[in-house]
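You will see two complexes here that share subunit A, one where it goes with subunit B and one where it goes with subunit C.
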Partner chain A sequence: MAVPMHTSNRLFLPARDTRMLLIKWVVALIVPLAVFNFVWQGDALINNVILGFINPASAPVTDGQLVEAVIFIAIFYLTLLALAGYLVAADSGRRGVLEVWIDILIFTVVPILLIVATSNNLILGLALCGIVWPIYFILRRRIPFLSFLNPKSVPPPEGLRLIDSEQRAIMIGRARAGGFWFGTSFAVIWLFVDLIFFLSGQLPTELLVVTAIRTVLLPLGGYFLGQLGGMLAVRRTLAANGNGNGNHASEESSLRSRRQKERQILATSRASEETRAVVPNDLPLRSTGARNFFLILLVAFVVFYPVIDPFLFGSGTAGRLSGYNDAGYYVILALGLNIVVGFAGLLDLGYVAFFAIGAYAWGIVGSTQLGFISPIHIPFNALSGLFWPMLLVTALIAAGWGVLLGAPTLRLRGDYLAIVTLGFGEIVPVVFLNLDTLTNGTNGIVGVHSPAFFGVFWSQITPIPYYYLILALIGLTIFANIRLRDSRLGRAWIAMREDEIAAASSGVNLVRTKLFAFGTGAFFSGLAGAYYSAKLGGVSPETFGFGDSVIYLAMVVIGGIGSIPGVIVGALTVYSINLFILNSLDTLASDPTNFLHSFDQFIVNIVPGFTFGNIRNLVFGIILIVIMIFRPAGLIPSARRRRELTRAPEGEAALELGSLDVTTTDPGFEAEVRIE
Partner chain B sequence: MSVEQVREHSGQPLLDLQNVSKHFGGLAAVQDVNLQIWPGEIISIIGPNGAGKTTVFNLITGIYRASVGDISLDGASLVGLTPDRVLRRGIARTFQNIRLFNNMTVMENVLVGQHSQLSASILGSLFRPPRVHNEEANARVRAIELLGFFGNELIERQEEYVINLSYAQKRRVEIARALGSKPKLLLLDEPTAGMNEVETLEAVKYVRRLRDELDLTILLIEHKLAVTMGISDRIAVLDYGRKIAEGLPEDIRRNEQVIAAYLGKPTVAEQQTAD
Partner chain C sequence: MTLFIQLLLVGIISGSVYALIALGYTMVYGIIELINFAHGDIFMMGTFITITIYSAFHITDNPPFGMPIVAALVVAFLASTILCAILGVVIERIAYRPLRNAPRLAPLISAIGVSLILEDVGKLWKGLSPISPPQIFNTIYYIGPITISITDIIVVVTAAVLMIALQWMVTSTRIGRAMRAVAQDREAAALMGVNVDRIISFTFLVGAGLAGAAGFIFLLKFPTTTFTIGFELGLIAFTAAVLGGIGNLVGAMLGGLLIGLIGSLVNLIPNSSDPNVHGFGIPHGGGAWSLAIIFAILILILVFRPSGLLGQQTPEKV
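Right, the complex of A and B next:
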């Protein structure tokens, strides 16, 4: 273990090994932060916000938005200071300095630089990362010179010893030093940059005050926040007397002592996966403790995005937000389908049906259509407020249809289930198309009302409220997914997916469990449907087709079946490819100064009529094939799936690859038997 | 010979198979089987391969539905119930080929075994009120107790995926999973299959402990005659779907028809009247 016994905790002249540790992590964090600040206008963000306070007339945003921007900045830098403390405390000493620096470079600095290089296009920059990173992975595996960069296969953690209070104090001391020196170094660098700008006349004098304050605050904040980070790290150590891993002691002392015993046994067991949760560990960047810091940063970024977007990306906020709003409902659809396909293992090829049901449900109620088909006339101003309860009602209607359409499939397996769901996926939109009296047929429904919130009426041209609505809905969906996955019902789903007969023989009621899966999956697509028709202001049956069901399935599979972060990334990836990236490439290519232009011209000579947008389906298909060959578990596989696809159990036949297939290791008759 | 032993049992049998038959098309997998099991017994079903032993298990647990006859537990008929309802009546089983949930950990497998004992609904799962929270915590504690029946080894490995376990360990996890539902009757399908002598002895020990410490009635399918003879209170012998003998181990060992069935002499299988 890397915590030596005789380190003193001097702050200003740290001992030699602490010094190495500090250099390792402070540099590792400073470089990306410096790139963010000085290359990508992170400091411009702050300066503009401050100028906005000082001189309100010149600011492009309102006072309220300025305050929000300040909150974001505070969260951002404070989290980084605490993270510095955590990383220093959590370091296990096994990964070398160079490895960590190169890792940080590739995974943090490269994206920022790519975003800057693509003229501040966030999506395009990230998409290019999706090309650069696999290249890096391949290179570091193939080139012997770079082989030291590969994560080492971790031997069972014999070295994972229990920590006593003296070592804990050392860890916290280190964390304090880490935070302090990180804050200090960054303050110094920033001071330096500001002075240069000031001397060259580009920095308004008012901001010098801010510079001074900041130079004092950063080291101070680093000291205390580093200590906080260290304490968080210490909570995740295995302690002889505590109960480690931050578990709360329950009332029963027998339970506590049992848990304590488990933790001690865990320290010497072969469960190497758990080393990612326990400190110190080998992968501090990927540890579950550090992950919380990254989540805070990500959530802060996403929540405050509409406010900081004008500062970071310039004009065009509304357009970008509109694009993200569209991507948002794809995420909800992917998460909903993940329940059906990922958790319960029911191959659903007709998921678009429930999306259509949700969209039409609000479409009918939220417009004049309801007045046409029934004696109920709702006054217009009430319609907008009605959206909120209708959101729940629509989802429940879709869930009900999920149960109804799932019922005929209960005895079917695998492929047959897929065909029936495919059938429903075709039937429902056609029904909507032809039920003229109810749904206005091919003309669709127009004039669907947007929701209102506390008297403020939304419309299609203000994307910000929709952005927060979809964020809230996504948050709800993620929360529900996680809760369900770790519950009795979630276990029943996964058991049913693994082995229906064993699940039934363990008490799982197959009928109810399957219906719950369909119903829950349809619930979320109903949510997405209501949002969709409200945002679009209308519904038309042509938008729902089999191709869409396939796209939703592709999102889930590419992202990682059964993995919640995976399908989110999968949804965003598929959406970006299909609707975003290639069009952006077209825009870039039409600019004669861009190198893409000549490339484009060259191809047009060979294949007239070529645009990047045209080859969208070709590119999508190629990406699907490539991912399925090289990474069949998906972009962010769930832990189970990765295991399923990369190892065969000793002494038994290897599992079949698709969780969508019935496993052929079922003995004899039992596999063929229907359960009545 | 076995008539006297049968008469010693008083009261209603725990499990009662009356003239049970199962036909798959023209094939009679099980024909006219009668069997009674009283509480606290360890009964073995033996017979050559293909005799229909696992089919009897499947009939009892509801995976197949009996074509003819009745199966009842404590007097209540089980015929036509789905396997999960049979489990809730109090019959749990293990499988010949070990059917664990491979992509779940040991702990999760045993928790699924307790599915019928937990009552969290979908709303309860979503909102996790204190009742559900406590239920889950208690379920985990109970799971560790169940695993602890086999010593510390499985408790240590509770977060490992079952795919990584050894064969003997997998069998034990399967039994722990079956015990989760607090059954009255435990059906073990070849619990010592594939085990060497040491492991077999251990298995025999814990089968006895299951009956003694946990108050279970056990119905075994077993191929190793040494095991059956040593552990069973009574043995029933199946051949070609019929019960050809039933009785105490020492009687079965000497029974001519049983020997013929195993060694393959061309003898007509006769129904042994055990009533």
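Right, the complex of A and C next:
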């Protein structure tokens, strides 16, 4: 699509349009925030914290938790204020107000309302979103009347490169206004609500002081944080000098050979990816800068989750946390398998073997079993402290077995490799089952110790320490995954995945690279295994079957092979479908007031003994097939896979190439193209 | 020695069931390079259909031989084969055909999905606990110290007839030639006028039909079935297909027989805690380790023959 020339005029809007921008983003941010605070329990969190400070005796939480809650609230609101500034500054103003508001409604307000509607069940609410969002996507794609909602792929405006210091100052000014007005409007709404509550006698008088302070602080903070957000946005603009496209025409004439055409297509896809990073942006909510804000919010939410949970989701925190802890080791397993399958392209159907090895390694050392099978007797109270060094040792043991079991597969390709890994996956549990002297056979190992750490009370019934342990392990795994992917080894894996012969002839040592892939993948499942046995307090040989290996593989493929965020999402999706959603459906169906109850009765009349838990695999299977048919590359495909699957049409190429900071004919171009 | 021969017989009988299931795996793999994880569950459906037909004919244990029993057997065999064949075609149409050009792992995951669905359908249909078919033939012959029941003979003969018929169809008929053409080069076959989609459907029809027949045969010999049996036997049958060289029909038969023999003969390995063997052997005896030994042998064979026993070494293309 050609860019009309007047777009560059619209880049810096007149005052009336700035007002429009302010209204657009202030409303877009305030509505979800208000729904969060007043429909859900968002303000209960704050009020309880304040009450806790005023009257510590009546507080439902301890002092430490209070401080944590305060930190979370601070991060949450400060990030939102800065985000408001960023969005106002980063918006190119080319997308209509209505479209943005509807998007915001669908992607923030609807989830919150669904969570509230499912009696504060986070997983079930998000699962319903998983139904609502695809419907929305289909509707706006299929119905012509709604097609204006589709984000259009408009190339960056021609004037993009010409943002000088004066225009930057304008952007920062707009950001300041954005933060200020967002803070002000929110303070006013909140003041209003508080006054109503106060007049109806539901608000303690002490809180009025807080209300007053807040009403002053919010606009003030908004002013400065908005400026900060604006400065962050300005950093993502392209400088006025450099990378001119003066020789564009001559470039075009030289783009003759097939090789260069390939490069151009790659560059076009890359340019369309880069438009996401550049400010001013048509879709500022999806821009890279905004993603950083979302990431801060997400990390804050995950880190402080144990404190927030009782306020947002009601009683039963321990049970929920325990469930999330289990989801955590699935994430590690999926990330580990992603190294083998996603990066190195070696189909592994027996990944559960290494998980079992890890679980048994800590299971034997961390219980009295080691004393039975060897003369080593570790003092009982030293066992727990031993967990930390053993975590590393366990992972290394698993990695060692990964290399050992990987060795026979070196000559094999494709499905023969898959069947050998499957074979190991079957052999290892049988060995654990039958070597009674080592592993206590069918009975498994019981009484495995929890870790101990700086006087924190660890036991199988207190999930919070485990929550932070698994969070740390996941963080470590993600970090290692990203670093490995971008390392020399990771690039060798990817080269091998794409074409073994080409990789070998480019100097990749296939034997070493493959063995490293198996070893590294097994390392992480060893970590997960040690965590698993420590959390469960025991190991049993029946828990490691081929079915589990298949589930791990499904996590990787559903999420998007080779894509780290995709695999995490895949693991959480599969885990929650499997263990949360259907169980919650049964709970709901057993409640006679729920509409699911009559539906359930209806089916039970036809199929006796029907429960939702009973058709877990049926539902899971249908979801697997549907996802594979409609998103064969996974929920969040890796950037590389996306480039391969959706290549930009050739006509647009010349237009968008200008936004690259290195042109396709530059020698440095290929070094710039990121591998994923 | 008696024990050895007896185990050899058991091995051949279970091996012929494995071989029938393995044929389905190998046919599908040969033609679209997909590990059809749902195949074992189609076999499970075959056993369930057979049991349903028996109970519809009110067959009980040790029925008097006569018209009703022959009719029930024929109907059960046909129903199991035909319904499973149709099931196979439907699965291909719904779950695999839309993914013909998707990334390589997508149809694999979709196959896993189908397998899970079939398992739960089986669970809802026949319940969680194992169910037993009526034992129809109980005539036993003695050859010296070795016992052979008439069922054993029927199982082996039926399996052999089916395999020979399949081999004949693939090598000597027009449609068999089309199947081989599609397996070799799908695009070239399409250019020669072969309707590729129809041939792939036909392959699923035949493969799933064989699995249904295997379900019927299995129930003649083995006393129980349950909704997970497809998964367990499917795994072994798939291994058999790979052992023989996946994509190769004779290989699948050979692999099935070998795995049946290995699985049966490992029972000769004594239990190390048995006082008669003076510490020779392995804990719990060979039977407990059969799966591990099967896979260990498979891995050993693949290390030395990376494409299976009869599989062709495909040259690496650049």
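Methods note: the second predicted complex is superposed on the first by the 593 of 676 C-alpha atoms of A that agree within 3 Å, B and C clash if a C-alpha of one lies under 4 Å from a C-alpha of the other, contacts with A are read in each partner's own complex, and residues count from 1 in each chain.
As a convention for this text, a contact is a pair of C-beta atoms (placed from the backbone, for glycine too) under 8 Å apart; a residue touches a chain by one contact, two chains touch by 3 or more.
Here the structure is a predicted model, which is why all the values come from computation and not from measurement.
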First, second, both or neither for A:298, with subunit B first and subunit C second: neither
Partner chain in contact with A:510 - subunit B first, subunit C second, else both or neither: first
Touching partner for A:489 - first (subunit B), second (subunit C), both, neither: first
Touching partner for A:501 - first (subunit B), second (subunit C), both, neither: both
Partner chain in contact with A:628 - subunit B first, subunit C second, else both or neither: second
Partner chain in contact with A:146 - subunit B first, subunit C second, else both or neither: neither
Touching partner for A:67 - first (subunit B), second (subunit C), both, neither: neither
First (subunit B), second (subunit C), both or neither touched by A:195: neither
On subunit A, the residue positions that both subunit B and subunit C contact, one per complex: 501-502, 641
In the complex with subunit A, residue positions of subunit C that touch it: 29, 33, 35, 37, 94-95, 98-99, 102-103, 105-110, 112-117, 119-121, 123-124, 127, 231, 235, 238-239, 242, 246, 282-284, 288-289, 291-292, 295-296, 298-299, 302-303, 306-308, 316, 318
Touch list for subunit A against partner subunit B, complex: 250, 255, 258, 262, 265-266, 269-271, 273-274, 480, 483-484, 487-492, 494-495, 498-499, 501-510, 516, 520, 640-641, 643-644, 647, 649, 651, 655, 665, 667, 669-670, 673, 675-676
Of all residues in subunit A, those that touch subunit C in their complex: 341, 347, 408, 411-413, 415-416, 418-420, 422-424, 426-427, 430-431, 433-437, 500-502, 546-547, 550, 553-554, 557-558, 561, 607, 609-610, 614-618, 620-625, 628-629, 632-633, 641
In the complex with subunit A, residue positions of subunit B that touch it: 24, 58, 61-65, 80, 82-84, 87-88, 92-93, 95-97, 99-104, 108, 111-113, 115-116, 118, 120, 122, 124-128, 132, 136-137, 141, 144, 152, 155-161, 163-164, 167, 177-178, 180-181
